[in-house]
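Here come two complexes built around chain A, the first alongside chain B, the second alongside chain C.
Let's turn to the complex of A and B:
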């Protein structure tokens, strides 16, 4: 018996246009992701970095940084902690892969269900985010490959800029994803928000 | 009467755009570019309000935020907004404004009798009069005062508009877009720095708006700024506070100038601005002079009348007298003369000056060495009484409908002061100016005493350039200031003209110079005390025009220099900010985020009645159509658990994975009991203490692998426990190799409880032998459930055979459905938090009501859990005598002697009429019907079996209760082990 597909925490949110009917709306995508929290063991920095290079073809990103390989993105979240994210395949697949690759070097916790990523894109994305995000997202201060944790609308959010469109991937606790998205829809209402 | 005081040309109003508005129901017309005050003056409206305390008639006094008098209720219905200043309200078509603070009509206010009573209701009147009898305060005095005082009325209805917060960052924030601010922003912007220019007015320019010949400079400056990609222009934006670390607050009035906000547009936006460098170019406020009758409608600040003439093309009166103490004020006389106002006289205490000579050459009557000693008129000024300076007598009277006053200028030092800078006394300007900066800020232009447009612009350009360089940018080309003469703003020292009648130092709050002297006589001689005793420098204007005058009057009474007396401390807000803007979007359902479990939709479909648990929504109970009331639902659900089987969403419990070689050591230290001895695949009940030895939290913790544990916390303490663990890991034992991951959201969990629980769970899970031998109480195993990975815990909170099934949250609904289907033959019922509470009270398990931050492990009957060997958090302080005192209240069970008589949580437990404890939790029992509860009772164990009184004085109840063991239900725990 194949496992049923999990329900996305934002499955109930209406797709399509929210807010104003402008020509250049913000675009929101709600991808199914695998998200894995990786926590370094004491004294394993070098071994872990080598294991990540071997398994994912990249070095662990430094503070405030994120790096994407062919299929997996690693985001630094706090000293010795990273999130690995990838498009969803099988239940627990990325966690199992990480646990195997980093055995003895890092603890691995599957957060694929516990964290939800909302992808926000569009020329007005910075302005909409400024309605609740106190990070300076100006190109001189932030940019592609940067990531930071910050409270937005009273909800802890990992903000990760993935391109200069700009596109921001916003990762929050899944049980708070709905109020977070509602905040985003209000923050972006003046520009219009298209949920794919 | 259509704008008969409007000049045919000039100013920044668009005469082709006519805007209709009403004031007190009368219809008027104004133009685009007007403020409400300008439009009222254009139509000859002189009387606009009644004063706060004496209900004296008042007119428009200023042309800006410093306005003490012209406070109106703006709009009507749900959008009615009290105390808006007509001098800054931007006129729009259809605007409706109402004067406030009068009974009867504005022109004849019954409350003006207070003016007659004035000798008896001076400063401190309330404090002295309404002291006796004390019982009258709440019932008589306060309602009376509230009715008589205050200003406008709030709508009392929900605000139909919305407000939003926003964050901004910049290298240089420039506050104020007068000549100094425009130049500063231009100079800073030219370096490539990120610049924000915030201006409270809807037009940029400040005093430039009064200088037609400088219009090209203003226009060019604005165009240059608009062309700079990294410069953000924020008109209609008041920077109201300067906080630590370069954080400033501002309110942008996005749609206040429109009848109502367009769709998707907030009414106002509350900005938090983080600036590397700040240039304050906030200008100055003109100062009043205290003389008898200085509040009569028709008395106006000289610069304001000049602004009405030059910027708005409005003549504020037909015949004017100027009362000034410095040369710069004379420009008002020239401006009004150009506008067609007859200048009847210029009253100046000085002997001679350059401006006086120019005025005489222009044909004005200048009375040197004289002062205004009083005003004549009722609701409008008819004449001005003058006298020889210093003589105290009246010499002359001049007919006039407008009296222009200028006692000098007060630099707007509010933000500099809030940033931490001290204020320094400028002897030439007779004013306080900012002293050395504490934060990364600098003042430029009139707000630091540099007057005159050219000088202010040069000062601003230098400040803007310096700020950008300090923020790390390379200097760019200079900004050329306009070449203008610098008028002389140094005043003759004249704060007050003493005489008969009320001479106001704070017009808005009806504070007179005599009130200040009274405060001093009665011992309130410190400026802060005098302020609070008299209400001086309070209200919407915060003493912008007269604050320093009151301080000077106090200084004279104290026989000390004004510099020593100082001003009351400046605090946010520099100008009134609406509550709507402060609340922003966090109102109504957005006050806090709502946290939903993965099973929220399932509960909704089952008819859940919700209960708030922190941010969470949890089902309190499920209302079935057949249930008579809430209790019927709760009892039905609990009975199902006791007799058959029930299922409850327990996803909200905190879940933390603790992993690493030192995980067991770490848990031994944070828990009061031992975890290093726990076998893999087993759970154990754990108790955490706070550092002070009181109980912090409880929960079950499972050993998943030798170096991996799964900790659960209560719903309420999930966050605090995670913080507690992270704090101790980071600070106390950084040497321990352990990592912490919150997986609360990763896992959904449901508890299946009741005698039939095994049958139901067995039908849902695969790959696990649930027999008692293979999977005893406290066993834990990974398995599959309904085709998805799951983890089953044999743990019980209800006192019944129970299993907790945890699954990755996205599968929760699938597995819940499988459980419900498997439970149909057994009569399964979902149960909510109320039934959960009922079951745990019946069983005698403690929860948040007992673990309330005041109880010890011993108090809760859990003293034996504290390990004897090894240290743990809270161990030392738990041994304090006060915490080990055997006389402390202990956990007991309680049962209402009459099963039908309700007992209530919070009731006192009386023994011989004395309180010996309290009830923590109550419910109705399903195993032995009647009201039961848990409580904390002194000598609790010794009193088991006795009857005492549960007293609830709030409800007027005294209910006999029997003290019983808290563990009355299945004391041997046979059911959980069945």
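Let's turn to the complex of A and C:
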């Protein structure tokens, strides 16, 4: 595609250590992602599931779930809606691929510029997130492969736990990524936050 | 703070939801007179007891839900999808 390489919404954020100088800081990464919203058309559930198996080798995840294939992760966001995410390579490639695979079954909208993912990991990640997140993040209630949309610091955030380190992928609207990260740095200041 | 068990997302805080009023109000037919539309638009029962209400889970799955809530104790007894019917218990 010919579109210019976009600037990451958090490109101006200072890298390095923020907050306390503890031995086990929280780690924040700011990956460039392709994010595509898929909205199911009425009555197309079975056809859509078959198309997703054929195109991505996975079933659409159920409520509160996310599944990762070799390159693409699918996250349930609301009834009949999923987000597909992948590392950003060619601008719009994932959206084009999804639009072709799901033609007639689902509406596809490229959200790569509209949403930004912040990856938070570290042993204190649950405690830091819990300062603003009302979800029960205890391993009994949440865990790897779980995803939920909830307001954090009054900003709508998709929380997706990808491993038991724990690592959380926090996806917010790009225009709110900077205030959200600012909140995260405040919430994690007692542990220290290392931005890669 | 109410805890509302969304059929899609599980138990969440009231803060994630917005209240959208009485869910038992039905729109009159197109031939109804102005009085019927006046009542539909402005008159609410305001019961002391159980009420079926619309709540939208706009901080989560964005679905409209029917919630059976007691207006005095705030007990939430049932939550259902918008297309389902909730019965109001007697007394």
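As a working rule, the second predicted complex is superposed on the first by the 193 of 196 C-alpha atoms of A that agree within 3 Å, B and C clash if a C-alpha of one lies under 4 Å from a C-alpha of the other, contacts with A are read in each partner's own complex, and residues count from 1 in each chain.
Convention: a residue touches a chain if its C-beta (ideal position, glycine included) is under 8 Å from a C-beta of that chain, and two chains touch if they have at least 3 such contacts.
In this text, all values refer to a predicted model and were calculated from it rather than measured experimentally.
Student: Should A:150 be classified as contacting the first partner (chain B), the second (chain C), both, or neither?
Tutor: second
Student: According to the stated criteria, A:6 is in contact with first (chain B), second (chain C), both, or neither; which is it?
Tutor: It touches chain B, and chain C stays clear.
Student: I'd like to know which partner A:134 touches here: chain B for first, chain C for second, both or neither.
Tutor: both
Student: Once the shared chain is lined up, is A:77 touching chain B (first), chain C (second), both, or neither of them?
Tutor: Touch partner of A:77: chain C, not chain B.
Student: With both complexes overlaid on chain A, does A:63 touch chain B (first), chain C (second), both or neither?
Tutor: Second partner only.
Student: Under the contact rule defined above, give the chain A residues that sit at the interface with chain B and also at the interface with chain C.
Tutor: 134
Student: Provide the residue numbers of chain B that touch chain A in the complex, in ascending order.
Tutor: It is residues 164-169, 194, 263-265, 272, 274, 585-586, 590, 592-598, 601, 615-616, 651, 657, 659-661, 708, 737, 739-747, 786-789, 808-814 of chain B that touch chain A.
Student: Once bound in the complex, which stretches of chain A touch chain B?
Tutor: Residues in contact with chain B: 1-9, 12, 19-20, 37, 39-42, 80-81, 91-92, 107, 109-115, 130-134, 136, 138, 140-141, 153-155, 173-176, 178-180, 182-183, 186-187, 189-190.
Student: Touching chain A in the complex: which residues of chain C?
Tutor: Those residues of chain C that touch chain A are 8-10, 12-13, 15-16, 59-63.
Student: Name, in rising order, each residue of chain A that touches chain C in their complex.
Tutor: 63-64, 77-79, 134, 148-151, 156
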